[in-house]
Amino acid sequence: MDAIILQILNGLDKGSAYALIALGLTLIFGTLGVVNFAHGALFMIGAFCAVTLNRILTLSHQVVDESRKDFLGNPLKVDVPYVNDWFGEAAGATIIDWAVPLAILFSIPVMIAIGVIMERGLIKHFYRRPHADQILVTFGLAIVLQEIIKYFYGANPIPTPAPDVFRGSFDFGVLLGFDPNVIIYPYWRLVYFAFAALIIGGVFAFLQFTTFGMVVRAGMADRETVGLLGINIDRRFTIMFGLAAAVAGLAGVMYAPINSPNYHMGMDFLVLSFVVVVVGGMGSLPGAVLAGFVLGVLESFASMNEIKSILPGIDQIIIYLVAIIILLTRPRGLMGRKGVMED
Amino acid sequence: MSKSTLTRRGVLRTGAVAGAGVALPTIFTSSSASAFTNEPTGGSVTLGFNVPQTGPYADEGADELRAFELAVEHLNGGGDGGMMNTFSSKTLDGTGILGKKVEYVTGDTQTKSDAARASAKSMIEKDGAVMISGGSSSGVAVAVQGLCQEAGVIFMAGLTHSNDTTGKDKKANGFRHFFNAYMSAAALAPVLEKMYGKDRKAYHLTADYTWGWTQQESIQAATEAMGWETVNNVLTPLAQTDFSSYIAPVLNSGADVLVLNHYGGNMVNSLTNAVQFGLRDKQVNGKNFEIVVPLYSRLMARGAGENVKGIFGSTNWHWSLQDEGSKAFVQSFGTKYGFPPSQAAHTCYVQTLLYADAVQRAGSFNPCEVGAALEGFEFDGLGNGPTLYRADDHQCFKDVLVVRGKENPESEFDLLEVVEVTPRAQVEYAPDHPMFAGGNLGSCNPGA
Amino acid sequence: MFGLGKKDTTVFVVVIILALCAPFILNPFPTGSSLAQFNAGYPDLMQRFVIFGIFAIGFNLLFGLTGYLSFGHAAFLGMGSYAAVWMFKLLSMNVIPAILLSMVVAGLFAVVIGYVSLRRSGIYFSILTLAFAQMSYNLAYSVLTPITNGETGLQITLDDPRILGSSATADGSIPVTNLFGLEMRHFTTVDVAGWSFNFSVGYYLCAVIMILAFYVAVRIFRSPFGMMLRAIKSNQQRLYYTGLNARPYTLAVFVISGMYAGLAGGLMASMDPLAGPERMQWTASGEVVLMTILGGAGTLIGPVLGAGFIKYFENIFSKINDSVLHGWFAFLPDGLENFVIAILHPFVGKGWHLTLGLMFMLVVIFLPGGLVEGGQRISRALRRDKPEDNGAASKASHEPAE
Amino acid sequence: MGILEVKDVNKRFGGLKALSEVNLSVTENTVHAIIGPNGAGKSTLLNCLVGKLIPDTGSVMFDGQSVLGRKPFEINQMGISRVFQTPEIFGDLTVMENMMIPLFARRDGAYRLHAFRSVESEAELRSRAEAMLEDVKMLDKRNMHSASMSRGDKRRLEMAMCLVQEPRLLLLDEPTAGMARADTNNTIDLLKEIKEKRDITMAIIEHDMHVVFSLADRITVLAQGTPLVEDSPENIKGHPKVREAYLGEAA
């Protein structure tokens, strides 16, 4: 029982990452009809926003410390961050410590800008091209983006820790009457889950309750008609792309402390997020979110020793197996609409 | 069609030049048979450095490449000579190898056996490389080693830690300087016993592929021999990036040590996740919960940041070693590139020198003669103390470093501190040890 | 000729000439020259060109004709490779049984996977095939290690129980794959003035098989079957109401295409007897998709061009390192030399991915029909008066965006 | 006995009764029109005939065999061809190829793997296709890419594709829907020509009275899922019930 509760928690957390990425992917697909293979790269760039802010905050000048030697035996040059000079050592350290949450603010304009540039500069020329061409061009873009990141940041993962106060884990088990240490969960992952829920809720509310959202939803359903009404749907779709990029980017920023970002993390998520989107049903936002959580929870269950001992290797294939079963029993995924991407 | 052989570019290049120069009556000259694959006949010899340049291990590959470039520079008489000055064998004099200038070609393994073999093949077939070196994973090492055996060139393995490389997949043309999983375990176990006691319960998370398994098997055997109990061994998918669902049940399993048999990105992520869960702040069975990472890579450890502090592991070499060889290498590498070399760089540099020296001593580039010169070769001054290239399996035997994540690093490179240098005698094993059984060196293949 | 139309015969003859003369065509630069770096005429790469050509031709039969985008085709290639290596280990080092078995195995898996996946269309089909392939890859890497030898890849060892033939040669080496005694890795180098050309047995076997595979593909393109497949892509509803059942047609072409992939896998193993699981990874499946689209989906020769293009980048550009660059630009003054090299540095060697990504984007933006369309534009520019009207090729031209 | 016999067919969609107790008999070599206002159930009925929908109860017999439970392609193989409301053709193929596909379907059945024979070599089928194209005056367009043709030509091509199969029953689903008057007249002329040239049975679902009265031999009026009357065009014209249901005169 405790193991199951634990894995449900794990699964919801995993699922929230899947759901966030799938949500952005579906926004782009649903509004623009574009299959965006560069979406994983946007997630990666988001994570690197956190890295970059961390770097900016730790911009340093060097102070030579004669008492210590570096690896070549020369006097050691110690890096002193400028923030330490400006705000004092303690305050400076705190600011650097909070780099990841601060990166949320930093990343939103950056990601929206990247999204808008991408849409205006490249994607909009591909609205009427076959999906195959869209895949090729966005895949090419994804490679280019990640190579640029690799050029500047290297291939190794870069540690981007969460603030110190989120270190350690929360003991759920005690709340539920279990022994201590049975059901524990890291604070940062709780933050991530809450954050994901907030973003998902925000996107839905935005689409549901604003006129902008209503126009976009109408556009998703029938682009031509909305265009005929004299509404400039293109501009709204551009903003939508920026929004989707921001969602992917925020997912990335917050993910940075969970797994140290590296340049190919986007590709690692790309295939999985497509599976999530399709299992949810092409073009369905609730479907994408639902599928994200469902697959996250199932993946966590599959990693339980009890299950692995019966079915060795099940955790290697569970996502794909579930995808196959769902697609065979529900032709358009969990909540897909008819006729979308079926030809 | 005459006899089976791979190309010998060296011959051809000069043959072609001569053909054009002397204006032979026939402009067609077919390649003549030579003693072995890619026998260098001109004024230069080509080595092939096959390292990951794309993919997750690209930085490690880049560091290996730096080391190779440095080694070539030293062999050709450039720079300060690095470890050539401290090497116990004094045959290398900065005039290249056997008087031939050393040239090199590079390729990208992509950390995939297929791509690595394609790249190595192109070096052998197109560029006439007479030796292939490099690599950052055991799968690639074994695959390229097999290729070199077939093609008839020497393979000087780069970073490969699996027992199989010089165990069941060993080859007569392949040589490994790097240590292996068994040695890691043998070196680590006594230190773990000293630090954490005999009465411990270990929980293993193991990357689900051959290297992971041999690593886990080795550690389990070594720790159980000193009285530890193995509570569980859970295999994790290679592609896994988030290990939370594997780590969450650890605390409740009764284990008080977590062993992470992961490397590279897997290691960074699993360690980060484990620390995030606060495992190291917990008490189990009345003891502090501990984490062990049997194979450390400093480059990768950087990715885990502060999380490595206080965590034990083993490494083949570390730049902070104070022997003459290591100091000379760090000095010349650091001067050229501005930062200290990694263990991958070290092993690649050493392998290049060892190869050059063996050729020099054998007086020939013939892989069989080079192999014979390496087999049973005892040397010193290359950073690991007295070392033996064992003839039975082409594995180097040397001291193994047990390291710990440093609590107060002074620089971004200063992540690990050497806790103990486990003497060579303690990590030696019989060539027919069960973990290494099933292989056969075969006979050396000169190609022609 | 050969039961082909006039245009197809021309294309076919061109392919034959290209394939047979590849050792010359791919080595245009004298061996000693600094441009020799760009020579691709060494056995391994030439073999890869034609093997991936076969793979892409087969993939194009499915994707180009029916529009079904399989994202898991590499699984068949991998299965073919494993089957072939097992044949070498157990039966004989002759490549014929290995290649045949690889086609059969890939075909059988294609029947099963195709039967299930073809119940859905569009992206749902793509994801189903992707899921099957990823499952194969993940299992081959881990649980199925006894069959696949996991990460290392399945290889031939000295103690294989080979029924026909010996486990090891007299001098203690592993036997070599051969065609009735003709060793695959054997090759002869001929020097002509400053040039040298490699003639490899393995390459010519692959080339002949590729020519056959191409011929079969052309016949399928022009057959009623091929027309039905294009009809499926065009309008499935009409097809059903015209009294035709699309499912057997799509399954047939899926299996044929899977067997092409198996053939490619078998040939790969025959040239180099090792089969690694990453052959089945989604990136490998994606690669063949990219090859086909890049070359021109639905055209006869496009996929072969696309395969050559990508493999060339992978093998040639990745090997250009800084010292090679210095060699090229040594004639420049030092400052300028370093400047030029600094500009080029990110695009070659370890940056070859970047160049490839940029090429993908440029081709798809400016040549919507792929490389074939580039060729058509050139030929149209050369002879303005003769408008090109190739049934298959004209399909490639999509409506330009905007 | 007609060639097509529909008996007591009922079809519900949830709470909505789309067809109730429909009986219909189409006699060989006649043109039978089914008319009715929007929502009368015309399309539902048609879909029940071609296998797209299965009625809840009742039977649909074609030439003495039930069509129920059969797939569209099987029903076509029985001899029923269908013309769609918007022309459904193979847009990526040439006109000639569009014609060859139904010919192959007729000759080789629902599935046959001719992977190694050339389409070019099928001389007999080609001449039949050409003859048919000649009939619909499209021979000069045989090498055209069919997607690039006018809508009228697409309609002609679709008819030709159906006719070349020599169907025993041709179903037409509002063949003139959305057409300009001139196009409509052209289509009527084409259908008349077809009717005169060969013995063919047609069932037309139509909205446009003009079309119906120029072509039909028999007319069934459908309203709210039930056939109101079935009679000759002359009688239908003046039938009070029809005027009431169809033209809404009582209201």
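As written, the chains take the letters A, B, C and D, and residue 1 is the first residue of each chain.
As a convention for this text, a residue touches a chain if its C-beta (ideal position, glycine included) is under 8 Å from a C-beta of that chain, and two chains touch if they have at least 3 such contacts.
In this text, all values refer to a predicted model and were calculated from it rather than measured experimentally.
Peer 1: Once you count every C-beta pair in contact for both, which comes out on top, A-B or B-C?
Peer 2: B-C
Peer 1: Which one chain sits nearest the middle, judging by mean Cα positions?
Peer 2: Measuring from the global C-alpha mean, the nearest chain centre belongs to C.
Peer 1: Can you check how far apart chain A and chain D are, centre to centre, with Cα atoms defining each centre and the answer in Å?
Peer 2: Once rounded, the distance between the two centres reads 52 Å.
Peer 1: How far is the middle of chain A from the middle of chain B, if each middle is the mean of its Cα atoms, in Å?
Peer 2: 35
Peer 1: How many Å are there between the centre of chain B and the centre of chain C, using C-alpha atoms for each centre?
Peer 2: Chain centroid spacing, chain B to chain C, equals 33 Å.
Peer 1: Calculate how many whole Å lie between the centre of chain C and the centre of chain D, each centre taken as the average of the chain's C-alpha atoms.
Peer 2: About 46 Å, centre to centre.
Peer 1: Can you list the residues of chain A that touch 2 or more other chains?
Peer 2: Expected reply: 312-313, 316.
Peer 1: Of all residues in chain D, which are in touch with two or more distinct other chains?
Peer 2: Residue numbers touching two or more other chains: none in chain D.
Peer 1: Give me the residues of chain C that touch two or more other chains.
Peer 2: Touching at least two other chains: 138, 141-143, 353.
Peer 1: Between the chains shown, work out who touches whom and classify the graph as line, ring, star, complete or other.
Peer 2: other
Peer 1: Run through the chains and report each pair that touches.
Peer 2: So, checking each combination of chains, I get A-B, A-C, B-C, C-D as the touching pairs.
Peer 1: Which positions of chain A touch chain C when the two form their complex?
Peer 2: Residue positions touching the partner: 35, 122, 124-133, 135-137, 139-144, 146-148, 151, 267, 271, 274-275, 278-279, 282, 312-313, 316-317, 320-321, 323-324, 327-328, 331-333, 341-343.
Peer 1: Touching residues of chain C toward chain A in the complex: what are they?
Peer 2: 63, 67, 69, 116, 119-124, 127-128, 130-132, 134-135, 138-139, 141-143, 236, 282-283, 286, 289-290, 293-294, 297, 346, 351, 353-354, 356-361, 363-365, 368, 398-399, 401-402
Peer 1: Quick one: in the complex, what on chain B touches chain A?
Peer 2: Residues 55-60, 62, 208, 232, 234-237, 239, 241-242, 244-246, 248-249, 251-252, 265, 268-269, 272-273, 276-278, 281-282, 284, 299-300, 302-307, 319-320, 330-331, 334-335, 339-340, 410-411, 413-414 of chain B touch chain A in their complex.
Peer 1: Please name which positions on chain C make contact with chain B in the complex.
Peer 2: 30-32, 39, 42-45, 48, 138, 141-143, 145, 149-153, 155, 157-159, 168, 171-174, 176, 182-183, 185-196, 198, 201, 272, 274, 276, 278-279, 314-315, 318-319, 321, 323, 349-350, 352-353
Peer 1: Under the definition above, what is the set of chain C residues touching chain D in their complex?
Peer 2: Result: residues 3-5, 216, 219-220, 222-228, 230-231, 233-235, 237-245, 248-249, 252, 256, 391, 394-395 of chain C touch chain D.
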